[in-house]
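Below are two complexes that have chain A in common, paired first with chain B and then with chain C.
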Partner chain A sequence: MITLGTALAFGGAAIAAALAGVGSAMGVGIAGQAGSGVISEDPDKFGNVLVLQALPGTQGIYGLLIAFIIVLNIGVIDGNIKELSTFQGLALLFSGLPIGIGGLLSGIYQGKVAASGIYLCAKRPEETGKGIILTAMVETYAVLSLLISFIMVNGVKL
Partner chain B sequence: MPQASYEYAVGRISVLSNKMLDAAQLRRLSEAGTFHEALAMLLETGYGGNIAAEHINNQEIDYLIREQLQISRRMVWELTPEPELTSLFLLEVDTHNIKTLLKARLLGVDAPDVLIAGGYFSLEFLKECIKTKNYDAMPDAYRIMMNKIENELTRSVDPLIFSAEIDQAMFKHIKRVLDKKNDHSFVREYFSLMADFQNARSVVRARLMHWDVDKLRVLLLDGGEIDHKVFLDNIDTPMEQLGAEFNRGSHGKLISQTVEEYVTTGQTPVLKHKMETALMNVLRSVKWNMFSLGPIIGYLMAREAEAKALRMIFGANRGGFEIELPELYA
Partner chain C sequence: MLIGMKKATLYALKEDRDAILLSLQKSGSIMLIPENEKVSLPGIEDVGTQIDKTKDALKFIDIHGKKSSLLEPRPNISYDAFLEESDDGEKLTEQVDTLATKISSLRNEAASMLAQVEALAPWIDLDIPLEELASTQTSVYFAGYLPELEKDDFLSDIKGLLAETIVLKEAPEGRAIVVFAHRTAAAQVKHFLKEHDFTDVVFPKRTGLAADIAKDLTNASKMKTSLADELEAEAKKVAQKKKEVELYYDQLAAREERLANGGTETQKTFFVQGWVRVDRTKEVEKAVKSVTAAYQLEFFEPAEGEIPPTEMENPAFIRPYESVIELYSRPKAGSIDPDFAMAPFHFIFFGMMLSDAGYGLVLTILLFIAMKLVKPQGFAGKLAMVIFFGSISTIIWGALFGGWFGLELHPLLFVPMKEPLKMLVLCFGLGAIHLVCGMLLKVYMLIKQGDWMGAICDQISWLIMFAGFLCMGLVPGSLGKNMAILGAAIIVIFGGRAKKSIFGKITGGLLALYNISGYLSDLLSYSRLFALGLATGVIAMVINTIAQMLIASGPLGIAVAVVFLVLGHFFNIVINVLGAFVHSSRLQYIEFFGKFYETGGRAFMPLAIRTKYMNITK
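On to the complex of A and B.
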């Protein structure tokens, strides 16, 4: 039987995977459009553009990781779903929020910085590395969100 | 079909702007000894594709510059996610074409060489409108003004007046589009600054030519921050005080200083040069707003400035005189 607590835990997993995934999709989309523009005029820049476009994709992976740990902890993977109390469920729901919200926003903003890095690479190909570093700086906050979500999930005793 | 997004458009423009001539290259071109030396230097930069210098004569360089500019205008038109606002920056081409076609009709001649493609209206459309005197298909501001001009032409022909009225139509149309779109971006600032500057120049011109208030009124353009009354009231103000009277609105100080500089130096080109610099500064201020129309319009106007500089360089080279390069974007 699925309790309210278990349902809330599912919600936490869904938030982590969905919001972070949307953030990554938007970020990669923004960078991809910028990249298409550059490549349509200069196809040789594909390699550099690809690296920059891929960077905002990590938030989706972080969200998936937290979602996976939540569903693993509540026994979805081995087919033995635990009956969680409401507070346990709420705790797991909140555990999904940091990476969900952090991933959503950092994904979008990282996509914008990646797009700017792509323009930088179009104007000064020799400075592409700096564009990558600037884009990676946004990643810090996605990693912090992942870290706190991870600690919270592991802190919930089932 | 290209995607109409700022990200895509700015991506393409980032690459294309690398192929533009910079100030140093233009300066070297202007220092070239002969026409063919300058032409060879220009073609070495990749300008105009893979044409050999020996295949281009004196007249064809103008054609080459015009073609290159038209390619850029078409490109921007294809890429822009805001065609309505972008079209405003092409209206100067249309204004030139309308004036030329109207003058050609009045003189009973054709003027195919002077017409410029790449405006907002197609050349065929404008030719048909002016030939048939039917302006119903044009935007309201143009339709009303062109019908008024046609009416006036039945009584008398004053090229200055109808030229000023066509400029008025352009600025009225720009104002209507900006109001309709509720735009408060750099586009409004650009045209508002241009209108104020042009109006200030018109007052100075009216003073020099001893025109009366009625003639000045025809020359004043809509869309600026400074009220027309300020310009009309100051037609008789002593030149030394004129600048101070224009110190109104967000760019009033600049306009005021420019007029004062003109009064001090007596150099009329100062007015135009300062206006061009101020307009370029508006575009430069949004150059790095990557997800906006700024870099797209910046590229268009940079190409226009590049073409203008090249025409001046080759014209000066033919005529054997010195020039000062116009304001460039980069």
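On to the complex of A and C.
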């Protein structure tokens, strides 16, 4: 039987994967739009543009990661779903929030920086590395969100 | 290590100039300094246009014939063969250029003919030859398009008039019609036409029936297209000789560089200046001597205010890491080259972030094979080596943390996922060492400049304080506390020493102490070592779990699972190598370099033979 706590834990996993995934989707989308424009001018830049476009994609991975650990811990993967108390469930729900919200917003903003990095690469291809570094600066906060989400999930003893 | 530079001045005879420049380019040891005015030698414009032409020719060959493969290594060519310019390349380029022009003009003509055929389509049923469509003494004609909705109204409007209308096919512009009117009714017909938005048609200047003209044009266009196809087939044959065009391009580029700087000249002599590495002055001398004895070459130390270019030189193990610095910004001349201090940390951090021994093995093998095949040079080669070293580090860390393709196997140290706090302590510990290293380098730089005050008050004071914090945790008693207070005291007392007023000195000192938040956030930044390692490990776990589910679903599932495992792990490697490289570089740029690094160096770009397609062997 699925208890309220277990259901709340599902909510935590859903928030982590869905919000961070949306953030990445938007970020990669923004960067991709800029990328096609640049490639239409110079197809040889595809490699550089692809690297920049891929950067905002990591938030989705981080979200998936937290969601996976939550569903693994509550036994969805091996088929023996545990009955969590409501507070355990709430704790897991909150654990999903940092990477969910952090991933959503950092993904969008990283996408914007990636897009401007792609324009930089169009004008001065030799400076692409700097565009990549600027884009990676935004990711720091997704990484921090991931870390705190992980520590929180890890702290909920079932 | 940064290499010292000397400034060279060279006087020689003008008649020897070409030979001397060629010889200097061959030795590749001097970076010429552009003079204020009239720098380039005559003939550079021609070379420039020729280069553009060759570029276009290569582009044409890429489209029509051989695409160059990424894995193909560059062909080798000896110096002498490279410098011996034959006109084969020029002829080929000319040939490709003519072909390209011919093909594109044929295609254009064919297309414009087809457009005419399309324009004639509504008039095909007209049984009057086009040249006979003309006004006579008694009649006037109008030919053109009438909007479909207006057609019936127009026909009823002119019913009573002395006019005859032929209604033809419909076109995008409207219904094609021809109206013949008696001169007396012409004005009225014209009025009605205007009222119903009639537009005149312009026929092609040809004779005969519209249908015949259209047929002729179609045939002619087909002819031109097939001719263009033939020429393209010919182009494919020429494209086989792409290598020669590429060689020609490289030769032209080398010549352009040689001509770019001719120095200042008098009637008989010329004069150039340039930067030479301290250890290469002999090569420059030898290069000039091999051409003529009539020269004067001198080397000077850089004068006050002159900034020489920056050239780094490091042992083979560290040299690849120069690429990490080139991605950022070169060190200022006279400061220090941080490669030797940065390389070990980059190595360690890269491996920690990837932290899967299986991935490390795959990456090591793949990169080894790829580098053997392609032999990447210059920046790309250095970058490949950095990742190659990183993948070796990945094997080590993977074994320490027990990560093998996402499975847990004999961790030599501990499993980060199970003991996150231990892992965080390890990250922050490594981070602290990294930061302290950066500060010590700053201390070294300040002392070298003679700024003892700055070294003690702004750097060592912090180190004392941090050492005190460490002691507070490890050593019982008040030693740690006292050290921390001593450090903080130095910071507060001397932090505002640059300010003039007493008030400024006090607030400056307190504000300097506030910098501790900066050090704290620098330290916290190293938690990414854990987080990125976590990402690799857990995604690998996800891939394995899904594969397990697939395998459980039957024999077809096993096949799908194998494909999924290979693709999934490959994707995970690619995305995480990117992450590991970017983030371990970032830790250098922001956290480490922020402590001491002085940017602003120019690259040392000597006059040399730089090729894009060829590999020159000595």
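The criterion applied here is as follows: the second predicted complex is superposed on the first by the 158 of 158 C-alpha atoms of A that agree within 3 Å, B and C clash if a C-alpha of one lies under 4 Å from a C-alpha of the other, contacts with A are read in each partner's own complex, and residues count from 1 in each chain.
Convention: a residue touches a chain if its C-beta (ideal position, glycine included) is under 8 Å from a C-beta of that chain, and two chains touch if they have at least 3 such contacts.
Here the structure is a predicted model, which is why all the values come from computation and not from measurement.
K.L.:
Could you classify chain B and chain C on chain A, in the superposed arrangement, as clash or fit?
P.N.:
Partners fit side by side after overlay.
K.L.:
Output check: A:I30 vs chain B and chain C. Expected answer is one of first, second, both, neither. What do you get?
P.N.:
first
K.L.:
After superposition on the shared chain, which partner residues are touched by A:E41: those of chain B (first), chain C (second), both, or neither?
P.N.:
It touches chain B, and chain C stays clear.
K.L.:
Mind telling me which of the two, chain B or chain C, contacts the most residues of chain A?
P.N.:
Touched residues of chain A are more numerous for C.
K.L.:
Using the superposed model, determine the angle chain B, chain A, chain C defined by their C-alpha centres, to the nearest 10 degrees.
P.N.:
50
K.L.:
Would you sort A:I118 into first (chain B), second (chain C), both or neither based on which partner it touches?
P.N.:
First partner only.
K.L.:
Looking at the overlay, what does A:I77 touch: chain B (first), chain C (second), both, or neither?
P.N.:
The second partner, chain C, only.
K.L.:
Which holds for A:L144: it touches chain B only (first), chain C only (second), both, or neither?
P.N.:
A:L144 sits against chain C, while chain B stays out of touch.
K.L.:
Answer with first, second, both or neither: which of chain B and chain C does A:I61 touch in the superposed model?
P.N.:
second
K.L.:
Compute the least Cα distance separating chain B from chain C in the superposition and give it as a whole number of Å.
P.N.:
The answer is 7 Å, the least C-alpha separation in the overlay.
K.L.:
Intersection of chain A residues contacting chain B with those contacting chain C?
P.N.:
Overlap of chain B and chain C footprints on chain A: empty.
K.L.:
In their shared complex, at which residues does chain A touch chain C?
P.N.:
Touching chain C from chain A are residues 51, 54-55, 57-58, 61-62, 64-65, 68-69, 72, 77, 129-130, 132-133, 136-137, 139-140, 143-144, 146-147, 150-151, 154.
K.L.:
What does chain B use to touch chain A in their complex?
P.N.:
2-3, 5, 7-18, 290-291
K.L.:
Mind listing the chain C positions that touch chain A in their complex?
P.N.:
For chain C paired with chain A, touching residues are 326-328, 420, 524-525, 527-528, 530-532, 534-535, 538-539, 541-542, 545, 575, 578-579, 582-583, 585-586, 589-590.
K.L.:
Within their complex, state which residues of chain A touch chain B.
P.N.:
30-31, 33-38, 40-42, 45, 112, 115-116, 118-119, 122-123
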